[in-house]
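Two complexes come next, and they have one chain in common, chain A, joined by chain B in the first and chain C in the second.
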Partner chain A sequence: MEILAFVVDGLLLGFVYGIAAMGLTLIWGVMNVINLSHGPIIALGSFGVYLLFTSIGMNPYLALVLVAIAGLLVGMLVYAIAIHRVINAPHLSTLLATFSINMIIIGLGTALFTTTPRTVNYSLGSLTAGPVTVLGTRLVAALAATLVTGLLYLFLYRTTLGKYVRAVANNRSAAELMGIPSSRILAFSFGLGTMLAAIAGGLIATFFPFTILSGGVYELKSFVICVLGGLGNPLGALAGGLVLGAIEGIIPKFLPTTWVPVLEFLLFIIILLVRPSGLFGAKK
Partner chain B sequence: MNAWRNPGIWLTLGVVAAFSVWPILTQKAASREVLFTMLLSVVLASSLNIILGYTGYVSFGHIVYFGLGGYVGLYMISSLKVTLWLAIIGGGLASALLAFLLGRAILRLRGAYFALATIGVNEAVRAFINNFKPFGGPIGISLNFNVYKDYGGATQSLWLAYYLLIAIALGSIVLSYVVKSSKFGLGLRAIREDEDAAEVMGVITPDVKTWAYVLSAILPGMVGVLFYFKNGNIEPGDAFRLHFSIELLVMVMLGGYGTVLGPVLGAAGYQRLRGFLLTSPLFKDIQLSVAGALLLLIILFIPAGAVGWIRHRVPVLRKVLP
Partner chain C sequence: MKRPFPLLFSILIIASLLLAACAPQATPTPEQPVVTQAPAQPAVTEQPPPTEQPAPTEPPPTEKPAAKEVVALIGFTASQTGNLNVESTRQINGLNLWMKTVNDAGGVKLSDGSVVKFEAKFYDDESNKDRVQELYTRLATEDNATFLISPYSSGLADAAAVIAEQYGKIMITTGAASDSTYKKGYTLVFQSYTPASKYLTGAADLLAATDPSVKKIAIAHENDKFSTDVCTALKDYAEAKGYEVVLFEGYDTGTTDFAPLINKIQGLAPDAIMGGGHFQDGSTLAKQIFEKKVPAKFISLLVAPPEPSFAEIGDAALSIIGPSQWEPLAKFSAESAQAAGVDWFGPSSQEFTDAYMAAYTEEPSYHAAGGYIAGLLLQKAIEQAGSLDIEAVKSALDSLDLLTFFGAIKFDTSAEAHGLQLGHSMVYIQWQGESGSLKKQVVWPKEGSSAELLDPRK
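Then we have the complex of A and B:
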């Protein structure tokens, strides 16, 4: 029965991983850019919630809304500065352009916040059902992640702007011919991706300690999840997040915890090789 | 061979050699350390350029070959009690073998998928070695101080490592030039421009790509042994630092990818800049940010890198700048 507790714990975490990966996969799907500034943006999201909570005592979940809006704006700014000029260049250029943003954020963040771990001291108690005990903050985080996914889905499939995003993702030049302002849509999509990263960071801050560097771990996890769910498939990312969360929950029962990343990255490489469209993606 | 009549390659080798002997003539340990870092970067960047610049495959986790070489070499020295020479060869071969085995599989992936796979390889190897008992797990391997006695004491060992590094650095430039001016290199560049067309024209792409990947892994494995021999210990977190891997990409981009001179210039320039930023009172806290901003400006405005830019501007130099 103990295993159930591990799995539930992992799954709840998986929702949050899923949100982070969804941001990465959305950007990839719309503009074929691997965003290497994803990790630092996740960390900035954590810091946003932390600063609002510690300085003016704002409720972390209310702070999360502000952090999300800031994430959207920061993303659009990053797109305008770093990506727009190289959007049609080879992959190496966009990889390095986003990596330079990564360096800038980490450099400034280290100078401003140092690398001492921070925590948001906020508790929602815990919930017990049979053998399973879950922390309130994790449960709320999973619910928030589900809500965000639902909203994203509604946005992409039920609004005109969402339709534009999908159109640009599908075929940029055809979308332009139809009168869709593709540059603005690309900027907006990049903003959406970073917004999801910032939300994930904010949620992580409510239950894990973090530094400006800790985003890197979640960025790597996001890569694994994106590949599990199929690059460019936002809903696949949530499913991939759950799979990863479950794996992280179950493996420590059988092997030392340090083996978890070995298996994760082996799985990552194998899926890339055998089924690059992801576990849940349609075969191309 | 006609290619050796090019003055550019002799000039490059001459300048690198001249800079390298400077610390030997002055016998200054401080300038030797500076040059050590630069030459190390030259080897790594030039090797990376073979798969990245010539073939067009973005190897993001190339540092895995440096770290693996270092691990195998230090294991051979400390547990198997072999000499440094044999360990260097062992480290190079181990890296080459991994590249050969992986190459067949992951070089099938193109573009960003390949880049992601190489990140995965680096992280998987790091995580594995973290658990691998013979390599010391998370603690890594530390060399016993007595090891250095065979080479005339610690100071003498540092100099020995430096001499060997000079040789490997010059070798890496020669290798880079030989690959570029050979028919094999022509095949690589054909793959970079259009892989499907290259295949139709008779380039056996899976073989050619794999050999390019192996060639780009050997020297990083060898200098990995040298670096960690000099360092005295090796740990998983240090040996497979993804950040360093990306810094190598930056060096190649700075100098100009796909050229012989570019990675050499980029490596030296980047390390010089980094040294300056780290010691300058104004920038030392935010050196990473300043480096990032500079990188961004180069990517946005001079994507061909320094050598590429000069070649583009001054067509006369195209024949001489390798």
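Then we have the complex of A and C:
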């Protein structure tokens, strides 16, 4: 029964990892761009919630809605400025473009906020059942992540705009022939991906301290999750997040916590070698 | 002569080299401090020769020649960014306060009559060991710092110490407790903190003195040099005292999620939890232990609890114990120095606290006091040596045996551990009081305590 505490904590965190990875995989799936500015965007999401909470006392979950909208707009802006011109160029160009965005955000963030860790001092108490004690903030984060995933799927499969996104992801040329404005859809998709990253950052801020550099850790985890769940597969990303979270939770039961990243990245290499399309298959 | 020009050329070159070697040196050597001229002051003993036609701009014949003012450049790095920012900022505040105090008081007089004033030269090390080595090399060579003060933390100080020794600069380390730095054969590095081997052992003494029923201890520490040294020494000490150490595990620097580690601790049901690392991970660990409702009788963590901003984690701070290098409540005075038969030097605790609060509008933590004491030790050694000569100041530091507001100071002078702090000892604080108005109380050593130990379960 004692192991239940490890599993539950890991799974709750896994939901948030899943949301972060979903943003990365969505951008990859729709436009074949590996977004290296994903980590700093996650950190910006954390700072958004932090600033709204500390400056005007806004509830962090209400602040999350504003952060999500800001994430969408920032993503569309980044696409227009840095990605659009190189979208059809080889992968290295888009990698360098997003890496530049990464460096700009980190540089500006360090200048504005320094790298002193920040904390959103907000508590929702905790629930205890047997050996398991669950923090309210982590439970709400998991519920929010589930809600966001559900809404994303409703959007992609039940709305016209969502269908456009899927159409562009499947075959951009064909979508353009059908009159879908692919450039605008690509910008929107990039915005959607950064929105998910910002939401993940905002949720992380409610229970962990962070700096402008903190996003790098979640970006790395997102890559592992994307490979685990299948590149370009949003639902696979959520499932991959849960698997990674559970692994992170369970390993410390049997081994020192310092082994967690070693085994995580070992898994990353094994999946790449044995099943490169991921456990749940890459985008079709 | 068949080749007159090459021969003539060679003679000219040799003559030029000889002339250059005999010429007076135009610039100070790297070991020489920067010397500036102080404003003219009235002379009493010296009479300048009278002149028939004094120039209008020259000083009147009654004025004495200007006293020499020597500027000693104090080089150091500050972690203005990075995970050590909180502690480092306080340390630098303390150091700057010392510098301002001593300069405002007229500086330090040397035996040749000149006066030393201090000037700071520092860079941001980004809490990064690689940057520290690069910047201390720059301080020692390009900036030609007269003395060096260590950066905050054992890891960074250790990285800086090798540079100080290599370039023949005296370095006072502060905010750095690791023992191993002083066991590498260095002769110019002096420690102001209680060493790591004695940093948390008092917590085991406090535990034994207040609750003999406690048997099981869990130790979870940051995987850095300082925390590992402290906790390894604590483990050995606790086991020697008969405690069972049920968990001894490190966590990575920068860890934010302690849930798996806390679950592990809960499974082992220890009576006491000890360890931690630095401010950020320590305060996060304390917060998550509270949120997870871990029923430990005794929690003692490194570095974070004595910081005034530790109270920002709210009720999670209640009953947390922490070793402190210094507390404003500490009762060291000129009288206690006299009773102990040692010299007293510097301000009292109250004077330091008042000056710090006036300068920075916050209560000083031990990091701030550590910054001040590093400068104060240098000041005492220069006063005693009467010069800025490296060997003379080193000998003065070696012979120091004094009491300050920070506590006793005495350095190991053996070849095995030269510079290791022998005189200083820790005090232990605990956060007590009502929710929303928590205050630090000294709970150990008994003779210096301001309150009884609080059991967190009551």
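To be clear about the criterion, the second predicted complex is superposed on the first by the 281 of 284 C-alpha atoms of A that agree within 3 Å, B and C clash if a C-alpha of one lies under 4 Å from a C-alpha of the other, contacts with A are read in each partner's own complex, and residues count from 1 in each chain.
Operating definition for what follows: a residue touches a chain if its C-beta (ideal position, glycine included) is under 8 Å from a C-beta of that chain, and two chains touch if they have at least 3 such contacts.
The model shown is predicted, which means the values in this text are computed figures rather than measured ones.
Should the pairing of chain B and chain C on chain A count as a clash or a fit in the superposition?
Verdict on chain A: chain B and chain C fit.
So in the superposed three-chain picture, is A:F190 touching just chain B, just chain C, both, or none of them (first/second/both/neither)?
In the superposed model, A:F190 contacts neither chain B nor chain C.
Is A:V86 touching the first partner chain B, the second partner chain C, both, or neither of them?
A:V86 sits against chain B, while chain C stays out of touch.
Answer with first, second, both or neither: which of chain B and chain C does A:S123 touch in the superposed model?
A:S123 sits against chain C, while chain B stays out of touch.
Contact-wise, after the overlay, does A:T258 reach chain B, chain C, both or neither (first, second, both, neither)?
In the superposed model, A:T258 contacts both chain B and chain C.
Have a look at where A:L96 lands relative to chain B and chain C in the superposition and call it first, second, both or neither.
first
Once the two complexes are aligned on chain A, which partner has more residues of chain A within touching range, chain B or chain C?
Partner with more touched residues of chain A: B.
Is A:I104 touching anything from chain B or chain C once the two structures are fitted on A? First, second, both or neither.
After superposing on A, A:I104 lies in contact with chain B but is clear of chain C.
Could you look at A:L13 and tell me whether it touches chain B, chain C, both or neither (first, second, both, neither)?
In the superposition, A:L13 contacts chain C only.
To the nearest 10 degrees, give me the chain B-chain A-chain C angle using C-alpha centres.
60
So in the superposed three-chain picture, is A:L266 touching just chain B, just chain C, both, or none of them (first/second/both/neither)?
After superposing on A, A:L266 lies in contact with chain B but is clear of chain C.
Rounded to the nearest angstrom, what is the minimum C-alpha distance from chain B to chain C in the superposition?
In the combined three-chain model, chain B comes within 7 Å of chain C at the C-alpha level.
Share the list of chain A residues that count as touching for chain B in one structure and for chain C in the other.
In chain A, positions 110, 256, 258, 261 sit in both the chain B and chain C interfaces.
Residue numbers of chain A touching chain C in their complex, please.
Listed in rising order, the residues of chain A that touch chain C are 2, 5-6, 9-10, 13, 110, 114-117, 119, 121, 123, 126, 128, 131, 133, 135, 208-211, 214, 248-249, 251-253, 256-258, 260-261.
What part of chain A is in contact with chain B in the complex they form?
28, 32, 34, 36, 81-82, 85-86, 89-93, 95-97, 99-108, 110-111, 216, 220, 223-224, 227, 231, 256, 258-259, 261-262, 264-266, 268-269, 272-273, 276
In the complex, go through chain B and note every residue touching chain A.
Residue positions touching the partner: 52, 56, 58, 60, 105-106, 108-109, 111-113, 115-117, 119-121, 123-124, 126-128, 130-131, 138, 242, 246, 249-250, 253, 257, 285-293, 295-296, 299-300, 303.
Sort out for me which residues of chain C touch chain A in the complex.
80-83, 85-86, 126-127, 223, 249-252, 255-257, 259-261, 263-264, 266-267, 280, 284, 291-293, 312-314
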